[in-house]
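As structure tokens, here come the structures.
There are two complexes below, and they share subunit A, which is joined by subunit B in the first and by subunit C in the second.
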Partner chain A sequence: MTSTRPAVLLVVVLGLMALPLTTSNDYYLDIIVQIFLWGAAATAWNLLGGYAGQFSLGHAAFFGIGAYTSSLLLTGARVSPWLGMLAGALLAALFALVIGYLSIRLRGPFFTLSTIALTEVLQILAIHWRGLTGGSEGVSLPNAASVWTMTFDGRRTYAYVGLGFLLLAVLVSWLIERSRWGYYLVAIREEEDAARSIGVPVLGVKLGAAALSACLTAVVGTFYAQYVLWIEPAHTFSIDISIQLALMVIIGGLGTLLGPLIGASLIIPLNMFLRAWLGAAVSGLYLVIYGLVLVLVVLYARAGIVAEVQRVMRRHPVPRQSPA
Partner chain B sequence: MIFVELVLAGLMLGGVYALISIGLTLIFGVLRVVNFAHGEMLMLGMFAAYWASTLGGLPPYVTAVAALPLFALFGWLVYRLIVRRTLGMGDVVQIFATVGVGVVLQNAALVLWTGDFRTIRSGYADAVLRVGGIQVSVPLLVAFAVAIGVSGLLFLFLNRTLEGRAVRAVAQDPISALALAIDTDRVYMRTFVLGVCCVGLAGVLLAPSYPIFPAIGLSFGLVSYVVVVLGGLGSMAGALLGGFVIGLIEVLSGYFLGTALKQAIYFLIFVLVLLVRPQGLFGQRGAETMGFGKIA
Partner chain C sequence: MSGLLEVQGVSKRFGGLTAVREVDFTMAEGELVGLIGPNGAGKTTLFSLLSGFLHPDEGRIRFADIDLDGLTPERRCRLGLTRTFQLVKPFANMTVEENVMVGAFVRVGTPRAARAEASRILALTGLASLARSRAGTLPVEQRKRLEVARALATRPRLLLLDEVFAGLNPTEINGMVAFLETLHAERMTLLVIEHVMAVIMRVSERIVVLHHGEKIAEGAPAEVVRNRRVVDAYLGEEFALA
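Our next item is the complex of A and B:
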């Protein structure tokens, strides 16, 4: 694991801050908001999946808990989504602790299976517990721009709020990457038994990573709900969201600080362009391409795009002087 | 009387679940790969039955036999192109390669055949057999009988033939099997093809009883994972028994608690099994964490 240098990080942050100023086209601003939004969620996924090597396909559950908690508090009790966001994050963390305690002793694919099953159950509950969740029709959120309701007029404002959440997620990852705890996570990923034998408190570390990852994912879920202003179980709790997060991180580089953001920056525009280009007539075709990309990346570029590019460049260094 | 009917229906359904799960447990037991695209392969089987019936007028029970070479070819392709490259690799590769295959299959079906719910129009889709006031669905009865038959054949194959012994040898210790001149790659390939054929067959047999649409694989896939974990990973007998248990629970809970929550109940069982007996009913202790097990 090579940590990202502060100077690089500074340049990236400044670049991201300038990005929403480069366009006032709503379509492009939407792409930017979505890159920040999904980049933040993917960074949260990376804490558990990338650093700790616990591959969850159940993060839609945490995303959905965040989205539903703040939305229901807003529509039902007029609670600001900023507070609802905290409630959702807390609930998601609690949920991750309970579920994690049950399933985290499972390794590899069995952990992944249990996370899929868990999300399915939440989706079923969200559909059938109509009194609370509004059932399949979902929840519509009021469209009245104000900071208190985390609803804004222009997409540029959304972009900056989204950037705030992205930077929060990256900052948390950066702090963890440099801490003793971060090394624990990597030790568990690389060799769980060896880590335990040298005294890494495996269960506690895994649970902590799951709770933190769930927390951040739920926060992004709230932001998503306030951006789209409509949530429904079939999408918010779908395995597609979980797969998308994993795909972004795997493409960008598992267990790297900026990998998730790089993955999101590749996948989101690809997704938008393919959808616009292919149109509704062949809905699903872009997901076929997603799936193919996922298979190809895990088979041939496991370390992620960034590392592969670096590897190729190291093997074929760019000549400094043109050969005479 | 209603209770007897429910139990029979549960056992029938359980037989079908067992048939779906046998392929999964076989592949896992030998290749140590969890096939995350299992449900999507089932969906392909259902569509095969649908198109054979709609375009060719073939009843699903003819398709069940006629489509086997197709399933085998498909399984061979997936093994050659993808699964073979994931053997012995880390979790990322093993999990997300088949997850990707599942995404591709489900959405290719969506692109090709749209998301509409389809049903096979045939006289016997809701045919029932009445014996002394007890009703049994004929398609489910057939599926049940085939599930039992296929498990029996697989059991004989694994225990009585040289080929089958080679499969079990590879499941127990691939390195020693290699040292005994067993072509492990071929065994892996054949096992995977066999597993895909089982799940394809299950799809064809389920087609008359369920709506057919691209996303149906997920829920059946999840059921088969629960069955396999309950029965014990890599265990044939476990898959059969796990299938019956889940089938019974689904029918009984559907009747007494309403169909909405039956999947929530699967998960509850899943969690309970993991807490109380993580190796499953027939699995070896530690299989759920280490991935060891013996087949049959």
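Our next item is the complex of A and C:
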């Protein structure tokens, strides 16, 4: 649990704030928005999957709950997505508590499988409960720029709103990392029985982490819906989203503060560039290259990029005051 | 007078196998009791029953006048009953200090207080110089110390130690014995599972002997070694091995 130095954090935050000002090109701004958006969701995933080691492949469920709750409230009852976002977060947290209570006693692959099943159930529900969700055609959101409806004219504004959500997720992780809870989460990941034997209330801590992680993921789900202005079950509740979140964190560094953001900063541009350059020429080739890059990372930075950087820094140490 | 720990008629079965059968014993506050028996005698199963990782099929366990029935290991730890594991389980990717801090959090709320408590315990257990090492990199002897240190950080009234001497060389054994004697002198109640007979005879005030899940003898070390059933149980083992 090497904690990130405040100075490093400050530089990163300033860099992120400057990033949307570096371009006016809509394509690049789209990449920046998506990095912030998926970086925020991956940071939320990391609370449960990284720190606590509960490998979820069901976070699309929480993402979808967030997206659908605010969208349906907006189209059906003209409730502002800002409020709908809170409702979605609450619903996702409740959902995580109920499902978590049933599944979180399962360990390892059994837990992961149960989270996949959960997403599938929600996807099928969203497809067939047409009266509520509009079925597989999905939900289209009104495109009229206003702060009240969390809809904006330029992508640069979206970038800053997305950055706000990213910083919220990072701030929550940072606070958790430095608290008793942070230690509990890592202890559970490392040796669950040992943690119990020295008094860590395992069930409560896991459920709390699941609820918080679900909450933040749902918040990003709402932002996603307000950015693309159209959601549908096949994508919003797809395992692809869950896998993407897990991959970003694995590549960046499981259980590290900035790992998820670093993972998103690599995967999102890679994904989008490859698709743009190669997608038209040879369909599917971008997936092959994408896969190759993932293999390289797994081979040469197995513990994630953050751990790799820390290893190099240990060999060439920078003088540092010891924390109080 | 009632004891700190009262075990009454405790049995545990796994399918057709009775791992622990109608075991009774009591421990008073401040005692150091050795728990011995051949492999498969049910010692570790008994530890798991006491610490809440398993639940007895029959019988009851009382600790500090509280019936432990149905309480989780974490609740029992909070009450002051903490175990260690025979196969030590360090939080490998945390530092030694952080490992001990996790235990300290049972009693203190803030990381600052937990760190202070951890450094006190690390000094006590001779691990202070390793505070910032990753626990996964420690050799066996230090892992065993860490296992004990982490348990001590929970401020137990009763500490259950499962084979803390196994795998140590004679010098290391002496160090660990001296350490247990320090804890004992501070009136901590200790129940110690051990295979190394010479060691357990030296440190224990009283010994409980298990064989095939049953308590076959109990008493001062000098009495127990003369007990016919104990000699038979161990001799029988040795003949069977030969």
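The rule is simple: the second predicted complex is superposed on the first by the 288 of 324 C-alpha atoms of A that agree within 3 Å, B and C clash if a C-alpha of one lies under 4 Å from a C-alpha of the other, contacts with A are read in each partner's own complex, and residues count from 1 in each chain.
The definition used in the following text is that contacts are C-beta pairs under 8 Å (C-beta built on N, C-alpha and C of every residue); 3 or more make two chains touch, one makes a residue touch a chain.
All values reported here derive from a predicted model rather than from experimental measurement.
Engineer: In the superposed arrangement, does subunit B or subunit C reach more residues of subunit A?
Structural biologist: Counting contacted residues of subunit A, the larger count belongs to B.
Engineer: Once chain A of both complexes is superposed, is A:202 in touch with subunit B (first), subunit C (second), both, or neither?
Structural biologist: In the superposition, A:202 contacts subunit C only.
Engineer: For A:27, using the defined touch cut-off, is the partner it touches subunit B, subunit C, both, or neither? Pick first, second, both or neither.
Structural biologist: Neither partner.
Engineer: Quick check on the superposed pair: does A:191 touch subunit B, subunit C, both, or neither? Answer first, second, both or neither.
Structural biologist: In the superposition, A:191 touches subunit C alone.
Engineer: Which holds for A:183: it touches subunit B only (first), subunit C only (second), both, or neither?
Structural biologist: second
Engineer: Classify the contacts of A:273 with the two partner chains as first (subunit B alone), second (subunit C alone), both, or neither.
Structural biologist: In the superposition, A:273 touches no partner, neither subunit B nor subunit C.
Engineer: Would you check which partner chain A:148 touches, where first means subunit B only, second means subunit C only, and both and neither mean what they say?
Structural biologist: neither
Engineer: In the superposed arrangement, what residues of subunit A touch both subunit B and subunit C?
Structural biologist: Shared contact residues on subunit A: none.
Engineer: What part of subunit B is in contact with subunit A in the complex they form?
Structural biologist: Those in contact with subunit A are residues 34, 36, 82, 85-86, 90-97, 99-108, 110-111, 115, 214, 218-219, 222, 225-226, 229, 260-261, 263-264, 266-267, 270-271, 274-275, 278, 288-291.
Engineer: Touching residues of subunit C toward subunit A in the complex: what are they?
Structural biologist: Residues 51, 53, 72-74, 77-78, 82-85, 89-95, 98, 101-103, 105-106, 109-112, 114, 150-151, 153-154.
Engineer: In their complex, what parts of subunit A are in touch with subunit C?
Structural biologist: For subunit A paired with subunit C, touching residues are 1, 178-180, 183-184, 186-187, 190-191, 193-202, 324.
Engineer: Sort out for me which residues of subunit A touch subunit B in the complex.
Structural biologist: Touch list, subunit A to subunit B: 53, 55, 57, 102-103, 105-110, 112-114, 116-118, 120-121, 124-125, 127-128, 239, 243, 246, 250, 254, 282-285, 287-288, 290-295, 298-299, 302.
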